[in-house]
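Note that chain A is present in both complexes that follow, paired respectively with chain B and with chain C.
And now, the complex of A and B:
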């Protein structure tokens, strides 16, 4: 069975949560107006619990959270290899 | 022991025992200790606080000494780091006793959690040990004269200065604003909404008491004005521009959890009082509890409270598991429990008749319950967010959203 990658998990979370099945990997979910006021909170909780990392103040850059690829890069940077 | 006091204990016990099912011995012991702290102390009189519109310092000392103000805070700062269910039960019991006192736990805990999560090391070290002990009180200032539910549109200005920032503007309805040593203020900087911690003693901070509220009249509510107040850079929570959706929302999310459980406690208080009175009061030769229309009111209230209790438990369970639906479950619990508190306290007044309208009666519960449907997101805002959550995503879910961590090798 094919292993699910972090990219798959993040893409599924975003497309499901935002009801955006055609979401592009670089598409800015904030600029596209897909995100409600509580979503940021949900996103932080998801990323931290699913990948066992801790989001810190210096990680608060929109580019770390505003697209599938941005979140993948953040997770890969924060997780020890 | 009089017959009425025995009846009182019995009616309390019926609901207490049922709600205490499934608790661990530690949770039971903690719950008993909470009840003893509040109800076993003749100096703690919520009806008097409500009538006087003042929370006595003694009440603060008692809850601080009992560790209630550091209940949710990390142990490294001296907090109790309670699990979500234990924290919920604490807020339920304090809410059953006095909503004004529960609101102190709510706002203090909200801001402590923000500092723990998003504060700089030096702010954490300076504030959190005192906050955990209840020696420092924390409050939350978001609402303005022109900004309520639309919190991201705050107009209080945070401008860059030679050292840090200058804060100018006004905030309204700050719960325990009169007592607060530090206030988390959501303001607008060049980067967008920004949350900063402001020391109440800073030059230019003005505190005006607000009295004659409908409910939570002992919540030491204040309006705050900031006249060119100097705020150090290190007092920014998270980063500039991330103050609403990332920082204030994390505080409000915990606030909703607290208000959900506090509202449930308020509803229990109304139900217990209603049942007690219906058993004792005799009209037309029978106890009120034997009249069918009264039975309908009681049965509806029982079912209402049990439903709200289940939703609060569910929210605590998902929170414990760090499930992605914990946030919407908390919103659902808050919405249901606040509405339940409003309905049950209204029925409690109805069952008590004229006595329920007099001083020192269930009327306090009715007035306090109105506030629960407004604070930490109105019921109408909850209806929007809950509906959006379920209508704007595919159903059924393709996979379980349980937040089981991924093995590291799959990235």
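And now, the complex of A and C:
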């Protein structure tokens, strides 16, 4: 069985939650108006619990959360090597 | 109009109230008996403020709203407040000593706002020597996102306090509907029966949770069904609100459904624990 990558997990979470099956990996989910602040909080909590990392306030920058690729990069940076 | 705002209780509602007040520019003191709860509240508020900023939605006054909030563990620090919003758990025996304490420590002109789901405002006011200064404001969860609140005027609430409260609500961007006092006011007198009955329909096997909610969303055009609403409010809050309504009305229709009490006992309280009638564990 193929291992699910961080990219798969994040993409599935976003496409399912936002009902946006065609979401591009670098598409800006905030600019597209797909996301409210309640979902943004859920997204942060999902990333923390799913990847067992702690998101600090300093990590709450647009480029870390506004796209699948941005979140993947954040997760890779925060995960223990 | 900027007021010195006290917020008692750092649970879901207290955190939301503190956040919207601070975002509107009011200096806020958030009080809870638990230091750990306060630490959690600080983290949540700072996070939400950062998220709003990140999304370009920083509302209201200039500067960092999170920096306008002090976190304290005793009611005596509220002596200089113009108003205090009380958000303690929905049990009279918990709220009563808080009202007695607020009455002792707060300035005589301070307005005491009860953010309660169902307890009659007159009852809470009777624990103070200033019933004219006590009014109910039933904030909805999540506080920052819900545009309208239910304002509850008790028999002894003064006109000035009603006016002051309405101006305060305008300052934090909330619209309001003014109603008279009574158990559950309008909102929860009606909603809690609906939720309880939806849970009983689930218990009786009339339909599964998803189907019950779909009836409300797709047939009635509600944005959320009763079971998802219960999960959002918090199942512990639903149960304690039903307890209050049952004891105030003496009506067994409000007796919490067995499935509700079981779910609460298992620690599944809805969205805040990621499990309730629905699973939010993703």
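The rule we apply is simple: the second predicted complex is superposed on the first by the 81 of 81 C-alpha atoms of A that agree within 3 Å, B and C clash if a C-alpha of one lies under 4 Å from a C-alpha of the other, contacts with A are read in each partner's own complex, and residues count from 1 in each chain.
Please note the rule applied: contacts are C-beta pairs under 8 Å (C-beta built on N, C-alpha and C of every residue); 3 or more make two chains touch, one makes a residue touch a chain.
This one's a predicted model, so the numbers in the text were calculated from it and none came from an experiment.
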item	value
First, second, both or neither for A:44, with chain B first and chain C second	both
Broader residue contact with chain A after superposition on the shared chain, chain B or chain C	B
Touching partner for A:60 - first (chain B), second (chain C), both, neither	both
Chain B versus chain C as contact partner of A:25, first or second or both or neither	neither
Partner chain in contact with A:36 - chain B first, chain C second, else both or neither	both
Contacts on chain A seen with chain B and repeated with chain C across the two complexes	13, 36-38, 40-41, 44, 46, 49-50, 57, 60-61
Of all residues in chain A, those that touch chain C in their complex	13, 30, 35-38, 40-41, 44, 46, 49-50, 57, 60-62, 65
Parts of chain C lying in touch with chain A, wherever the complex brings them together	46-48, 50-57, 142, 144-145, 281-282
Parts of chain A lying in touch with chain B, wherever the complex brings them together	3-6, 9, 12-13, 16-19, 21, 36-42, 44-46, 48-52, 57, 60-61, 75-76, 79-81
Complex contacts: residues of chain B adjacent to chain A	118, 120, 151-152, 238-239, 242, 244-246, 249-250, 253, 322, 324, 326-328, 331, 385, 388, 392-394, 397-399, 401, 403-406, 408-411
